[in-house]
Structures are given as structure tokens and as C-alpha cells.
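In the two complexes below, chain A is the common chain; its partner is chain B in one and chain C in the other.
Coming up: the complex of A and B.
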């Protein structure tokens, strides 16, 4: 069975993740209830005549996929697979608002064309003239993991030799308003907050895009192999430990083989208890977290994966993401655990190559 | 007529997200499609909707569009002769 090497990455986030040293300068996202991704200059990558029609998510997706392809020195992937929780939300809202404002008349095509969930994968394919497998998963907080699983299977079964995989989510005003009304976003009076020792409900909403090139061949640019992914829609709190144990057993690795656990704590006192279970289970293992840097969104785990891959490459865990003081001489195997509001649990296993 | 042209330029820039063009740079006689401003068929649909929504003009013959949407000048002439609002 072919291995899946991650040979190129690209990331746009709330942090300086474009043209900057790995987490050299970070800003905590714990002061605002909604945080926005730093937008790079897109004109070098996208023609101005196309940029004018693109929503933020599309631009972030094209930019980060270009970065990943460039790093992997790959001109044309065999497949493009994306994951997104809410798709091109800004244009979806624009189009729906136009329907209401204009009494279902005078509907213009641009925002409709750009509003579908698979717009990003489609626009990347158009730009590359890639006529291969093109798929978008809209599976809540496991959208990216599902895309990664598909990519891994494409390589294992030799359907594809190289796959461009990414996760994209953007913020949009109406969605922010709705999430606030539902109590999913932290209240202003609860800020600034502690992500690791939360006392209040809700999350800090963020946005971003991350892309990865998976290939069957190892290259100089290789970060790691994507060894295993597990997705579980729903788990009771007392089932989490067994879920992790089963995953480790299925992959024939012991608890001590894990050199770093990356957890998706988002500071929601109601649901971070799931992460506490995993943290407790790995109490002799170095641990890191990332949503204090990325904010929470359906594909925020892409930022966590980008971070884990950079840790494997640089062999150092930045102080700003450490959850405990335990260290290892070498970081060979990393396990990521994520969930959102007690649903969409995922485990991702990476090994340094 | 000058006011209409100014208004039209602002509306075109806003509707088509022509962020790289300012009203001052927008020449009255510059070709909108092809080599000039570089608009395409999706923009043509946006302009048809703009005429209908803002000036009450319904274009029933698509061939008409080629002449009407030649430039801001031709659009302004057509609007002032046919507007219903």
C-alpha cells in the first residue's frame, strides 16, 4: 500500500503564516470574539480581472493551494479535494440578501456563481486547467479530515499519485449575527478569556485556509507521512479514551510512541472537557494547542495540521503553543485530536519521514 | 447628461467590483468589453440587471446590448432616451 507524503503546505490565518518564520510573531486571539485572517497581496497569484469577482474564501484557497503546489514542486495534481464547513458564505449571504431586498427579482449571476461550496475547488481546477477528480466535502468540523481521508485512499488505491487537499472557511456578517444569537460566540463581557482554563461558554470565531499536497513519493520538501485518520460523528464523554485507545491499537502504536499530542481546545467550558479527557490520557506526553492562534471554525484543524507539520520539520514546539512542560528529544509521531461542540471528532496521525 | 455619466460610472464600478478603476480614470468613450475595460459575458448580465433595476429598462433583444454597452457614453445616451424611472 502506497504511503501518503505531505510534500507542500500553504496557510492563511489570523497569524502571519505567509512569508514569515514559523510562529515567530504571534497575536493571541483571545481578546476579540471574532477574528479575521490576515490577507496577503493576491495580485501576484491571481489576475486582477478574476480577483474582482472572488470572495475571501476563494482568494485564500487559490493563494494557499498555489503555495502548497510550489513548495511540493508540483505543476498539476491528479486530484483536487477540499473541505469546508460553510463554503463561500459571503457570496451566499449576498445572493440571499439580494433575493429578499429585490423581491426575488433583478438577481445577478456573480454572487450566485461564487456562492456554492465547491467554488474553491472549481476555481483552483479552472486556474490549473486540472480535469482530474474534483470533490468538496461539507461535513461540519470533519470536512478537512474527510477530504484528507479521501486523498489518502486515492493514493493508497493508486487512483491518484498526487492530490491537492485543503480546508477553507470564511466569516460573513449574517452568520456572525446568527452564531451570536445562538450563544456559540463568546460574549464581549467574557473577554479576554483563557483557552486552557475556560470559565465561560462559546468560542472565538475565526477563519482561514490551509492546503496540503499529498504524494506517493517522498521529496526533499516532505514534512511527514499522513499515516491514519479517524472520524467519529458523535461520542459520549466517557467514550473518548476508548476511541483514542482503539485508534492507537488499530495503527499498532502504543501511547508512548506519540511524541506530541495537538489538541483543538477552543475555550468553551461546555465542550473542552472532551479535550481534557485526551489530555489526561496522554499526561506523560508533550501537548500543544492552536485555537488561541487561529480562532474556531469548521476547518480550523487545518491550522493545527499546518502547525504539527512545521513542528515535525523544525523539531521544536514553539513556547506559545505548549500545553505542558514535557519535552522530547525528537518529535517523530504526532497525534491531532479535534472536535466541535461534542460532535465531529477526529484523530489524525502524522509520522516524520 | 454629465451627471448621468458620473452616476453610471459609479454604479458600474460598484456592481462589477472594478476596484482598480476610479471614476476619474474612467473615460466616457472607453470600450467596456474586450480591449478597453475588459468586461466579459457575466458582466453583460450584470449590466442588463442594472439597467432594469435602476432605470426601468428591459432589454429584450440581446443583440441590442452590443451597441448599448459599447461605452459609458452609449449607455448614457440609451438610458436618457428610454428610462422609465
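Coming up: the complex of A and C.
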């Protein structure tokens, strides 16, 4: 069975993740309840007339996918697979507002055309003239994980030799407003807050895009192999440990083989208890977190994956993401665990190559 | 692909019936589901026709025995009804008795609620329970919870080809041994959002849609949900399951031509069908019936027609689009047409392409216009969507 090597990455986030050394300068996102991705200059990858017309998510997707392909030195992937929790929110809201504000009259199709969840995957295919397999997953916090699982399957079964995989989520005003009303976002009076020792409910909403090139071949640019992914709809708190144990057993690795655990803590006192279970289970293992840097969004785990891959490459865990003081001489195997509001649990296993 | 995947159950709700049997009766009796809008508030009520399910959300919720204060969107309600029938049909008593997954497909998700309460949310706290339904994956979570499924749940959204892709992923997860059973399909409710969207693209018909007709005026939107239960050979043998049909091949390609329009020669469609034949290890001449995408838009039918002529080397088997019955049900379309493909195999019938009168001037392609009985071993079903998405699934008889 062919292995999946991750040979190129691209990431736009709240942090300086374009053209900067790996997490060299970071700003904590724990002061504001909504944080926005730093937008790079798009002129090198998108023509100026399109830059104005394209929503943020589409631009971030095109930019980071271009970065990932460039790093992997790959001109044309065999398949493109994306994940997005909320899709093209900006254009959806724009079209919906136009419908409601003008009583279904005087509408133009542009924002409708760009509102479908698969816009980013479609636009990348169009730009590359890539006629291969093209999928988009939209399932909350496992949107990107399903895309990765699919990509890994494509390579294992030799349906594809190379796959471009990415996760994209953008913020938009109406969605921010209603997520506040629903209590999903932290209240301003609860900020700044501690992510690791949470006392209040809700999360800090972020946005971003991350793309990865998976290939059957190892290259000089290879970061790691993607060895396994598991997705689980729901778990009770007391089932989490067994879920992790089963995953380790299925992949024939022991607890001690894991050199780093990356957890998706987002500072929500109600649901971070899930992460505590895993943290406790791996109490002799180095641990890292990332949502204090990325904010929370359905494909924030892409930032976590980007971070884990860089740690494997650089063999050092930046101080700003450490959850404990345990260290290893070598970082060979990394396990990522994520969930959102007790739903959409995922485990991702990476190995240095 | 080295092994076929068994279909052991199916469920459907569409404008031509609230169950597999009702849909079958409408198909063989030529009973269309296209009508004027009753349930949805829109100013276009009088000028368009749709494939609307004539049950209110309250009626649907009652069928599902949901509590009064449920927060299901119409998309979720329809999906749950179809999933429940599919599980009963497959005789699944305990959904978690093996590694079961649920893969849904939707394009609008809870848009019906979002568009209704978009501004009301700001003033009415009692509506806040609907907020999370805007997220497309939420409908899948709610359906999974309704049937008590704890394992893998995910959702595909590739516009109008979504459900075909959900079927594909489900097959691949069974073939690779990651799941023993997976419920696959799609659900989409009518919404002002899509009605107005397609209206701005000027591809909505003001009358009954006429697939593959030279004078076709566009599509009728519809709403529906359909799901298939796929099970591994091990589960089928162990439980002595009745197999309704097999998924024997599938293909997915991108047209890479335009965000919403298909290329003139149907390159993406051609590639999708080509891949499906290869995977199924079948030749075009093995296909006895094509259930075409056939939306009745000028662009789709021309592009798909050309792709079919090319892949079948001008020897096209009986084909029809069933969209004259149901309208175009977007992310659910490939799922309801999967059910119709299985029915075609089970009953050895080609369902009619209604409303066809005049062959298209670009080529000599005449769909099957009346119900036809003949031996059917393999059915090819096409679905295409925005973003250049092209998908083909091949269904084969269970013997």
C-alpha cells in the first residue's frame, strides 16, 4: 500500500504564516472575540480584476494552494479535495441580503455563482485546468479531516499519485452576529481569557486557509507521512480514552511511540474537558496547542496540522505552543486530536520521514 | 476497484412520492410531481413551476415523531424520513452493531430557516435555536443523532453532483475496509435562495421541463431526499442480507471550463463516464439504460448529449432523464436517481423521459419517451454540478 507523503504546505492565518520564519513572531488571539486572517498581497497569484471580485475564502484558497504546489514542485495534481465548514459565507450573505432587501427583485448572479461550497475547489481546478477528481466536504470540524482521509485513500488505492488538499473558512458579518447570539462566541467582557485554563463558555472565532500536497513519492521537501485519520460523530466524555486507545491499537503503535500530542483546546470551559481527557492520557508526552494563535473555526485544524508538520521538520516545539514542559530528543510521531462542541472528533497521525 | 458494493436498502421522499413504492408507482404511471408552489413564500410563485413535496414542516416533523420544539430544517426533515425508510428496508435493527457511517450531501443545508429568520434573529430570541442549522453539516449531525449513529459522519457539497459523490466515498470506505455499513445519499429542500439564484442565471423554466427537447426552456427546481444503505460482503453474508443491486463503478472528473456552465463538448462528463467504465470493468455496450442528468437547460443537455455520443461511440442505449417527474433536486438529485436506477434493474424497466417532442437540432439523440420493459443488467447514472463537477455511477443487477 502506497504511503502519503506531505510534500508542500501553504497557510494563511491570523498569524504571519506567509513569508515568515515558523512562528517566529506571534500575537495571542485571546483579546478579541473575533480575529481575522492576515491577508497577503494577492497580485502574484491572482489577476487584479479577480482580486476585487473574489471573496476572501476563494483568494485565501487559491493563494495557499499555489504555495503548497510550489513547495512540492508539483505543476498539476491528480485530484483536488477541499473541506470547509461554512463555505463561501461572504457571497452567500451578499446574495441572501439582496433577495431579502429587494424582495427577490433586481438580482445579479455573481454572488450566487460564488456561493456554493465547492467554489474554491472549482476555481483552483479552473485555474490549473485540472480535470481530475474534485471533491468538497462540509461537515463541521471534520471537513478538512474528511478531505485528508479521502486523499490518503486515493493514494493508497493508486487512484491518484498526487492530491491537493485544503481547508478554508472565512468570516462574514451576519454569521458573526448570529454566532454571538447563539452563544458560540465568547462575550467581550470575558476577554482577555486563558485558553488552557478556561473559565467561560464559547470560543474566539477565527478564519484562515491551509493547503497540503500529498504524494506517493518522498521528495526533498517532504515533511512527514500522513499515516492514519479517524473521524467520529459523537463521543461521551468517558469514551474518549477508549477512542484514542483503539486508534493506537489499530495502527499498531503504543502510547510511548507518540512524541507529541497536538490538541485543539479553544478555551471553552464547557467542551475543553474532552481535550483534558486526552491530555491526561498522554501525561508523559510533550503536548502542544494552537487555537490561541489561529482562533477557532471549522478548518482551524489545518493550522494545527501545518504547525505539527513544521515541528517535525524543525525538530523543535516553539515555546508559545507548549502545553507542558516535557521534551523529546527527537520528534518522530505526532498525534493530533480535535473536536468542536463535543462533536466531530478526529485523530490524525503523522510520522517524520 | 476490485469489488462491487452491495445496496441493501433504500429510502426516498420526492415530489412524486413519500416512499420508494410511491415513487415507483408515479414513474410507471407517468405521474409528474411538477406543480406550482404551495409551501414556500416567494414572489415568483406564479411564474415558475417546481417539484415541491406537498407536506408542511409540521407534517414532516409529526411523521418523524419529533417534539414540538425541534429545530430541524426542512432539509433535515426530508433527509431523516428517507434515511429511516432506507434503514427499515435494509432491516437494520441496531445501527451501531458494526462500523456504520453516514455520508450525506446537501447544497442548501438549513437555508430555508436562515432565509426566513435572517433579520428576525436580531429581534426574537426564541428563534436562536435555529442558528446552528445554517451550517451544512448540521443536517447530517441531526440525522445521525436521530438514528443514533455514533461513528463516522460526513457531508459532501459539490453542488448538483453531491449525492453521487457521497455514494462514491461510501463505496470507497467499504472497499478499503474502513466501514462495514454506510448510509449514503443526499437531501435538499426548496429555498428562496436557490430559486432566485437559478432565476438570475435565467435557466428556470416557466412551465414543465422538457429534457433533451430542442425547445427546452430550462429546469424546474425540486426538493427531495434519498439514501441507500451500502454493506460489505462480509455483513451481507453474515446476516444473509437481500441485495437490491450493486454499485459496480463510479467516476469523478472536473470539466475545468466555467464555474457554472458545462463545456460544449462535455469533456468532464466524458471523463467521469470513462473512469466509471474502467472501474466497473464494463464496456459502453454493457449498459442497458442511462439515467441522464438531463436538467433541460440548453447548456446541460447539449453538453451531456455530446459526451454520451462520444463515449458510446454513437451507439447510445435507451436513455431518459427523470427530471420531468421530480424537477432538479440539486444535491439530492443523484441519490433519487440512484433509487430509480435500482428500480430499473429490479423491474427491468426504462422509465420515460416525459415532455419530449422535438429532437435537438445539434444531434440525433432521442430519449425513451414511454415506459419500456426489457432486460436491464447495468444502469449508468450521470450528475453534474457547478464548479465543473461531473460524476457518474454505474449500478448493476444483484444476480
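Note that in this section the second predicted complex is superposed on the first by the 353 of 353 C-alpha atoms of A that agree within 3 Å, B and C clash if a C-alpha of one lies under 4 Å from a C-alpha of the other, contacts with A are read in each partner's own complex, and residues count from 1 in each chain.
Convention: a residue touches a chain if its C-beta (ideal position, glycine included) is under 8 Å from a C-beta of that chain, and two chains touch if they have at least 3 such contacts.
Note that the coordinates shown come from a computational prediction; the quantities given were computed from them, not determined experimentally.
Trainee: Overlaying the two complexes on chain A, which is it for chain B and chain C: clash or fit?
Mentor: With chain A as the common anchor, chain B and chain C both fit in the superposed model.
Trainee: Angle at chain A, chain B to chain C, CA centres, as a multiple of 10°?
Mentor: The C-alpha centres give an angle of about 70 degrees at chain A.
Trainee: Who does A:157 touch here: chain B (first), chain C (second), both, or neither?
Mentor: Second partner only, chain C.
Trainee: Under the stated touch criterion, which partner chain does A:175 make contact with: chain B (first), chain C (second), both, or neither?
Mentor: Touch partner of A:175: chain C, not chain B.
Trainee: Tell me the contact category for A:52 with respect to chain B and chain C: first, second, both or neither.
Mentor: first
Trainee: Determine, under the contact definition given at the top, whether A:87 touches first (chain B), second (chain C), both, or neither.
Mentor: The second partner, chain C, only.
Trainee: Which partner does A:324 contact after superposing on A: first (chain B), second (chain C), both, neither?
Mentor: In the superposed model, A:324 contacts neither chain B nor chain C.
Trainee: What is the contact status of A:107 with respect to chain B (first) and chain C (second): first, second, both, or neither?
Mentor: After superposing on A, A:107 lies in contact with both chain B and chain C.
Trainee: Mind telling me which of the two, chain B or chain C, contacts the most residues of chain A?
Mentor: The partner that reaches more residues of chain A in the superposed model: C.
Trainee: Taking the superposition as given, does A:276 touch the first partner, chain B, the second, chain C, both, or neither?
Mentor: neither
Trainee: After superposing the two complexes, find the smallest distance in angstrom between C-alpha atoms of chain B and C-alpha atoms of chain C.
Mentor: Distance of closest C-alpha approach: 9 Å.
Trainee: Across the two complexes, what residues of chain A are contacted by chain B and by chain C?
Mentor: 105, 107-109, 113
Trainee: Using the touch definition from the top, list the residues of chain C that touch chain A in their complex.
Mentor: Residues 42-44, 102, 106-107, 109, 114-115, 118-119, 121-122, 125, 128, 131-132, 134-138, 140-141, 144-145, 149-159, 165, 169, 172-173, 175-176, 192-193, 196-197, 199-201, 252-260, 267-268, 271, 385-389 of chain C touch chain A in their complex.
Trainee: If we count contacts the way the header does, which residues on chain A are in touch with chain C in the complex?
Mentor: 80, 85-87, 92, 95-97, 99-100, 103-105, 107-109, 112-119, 121-123, 125-126, 128-140, 142-143, 146, 150, 153, 156-157, 174-175, 177-179, 181-182, 184, 231-235, 298, 343-344
Trainee: What does chain B use to touch chain A in their complex?
Mentor: 15-20, 38, 42, 45-46, 49, 52-53
Trainee: Would you tell me which residues of chain A are touching chain B in their complex?
Mentor: The contact residues of chain A facing chain B are 48-49, 52-53, 102, 105-110, 113.
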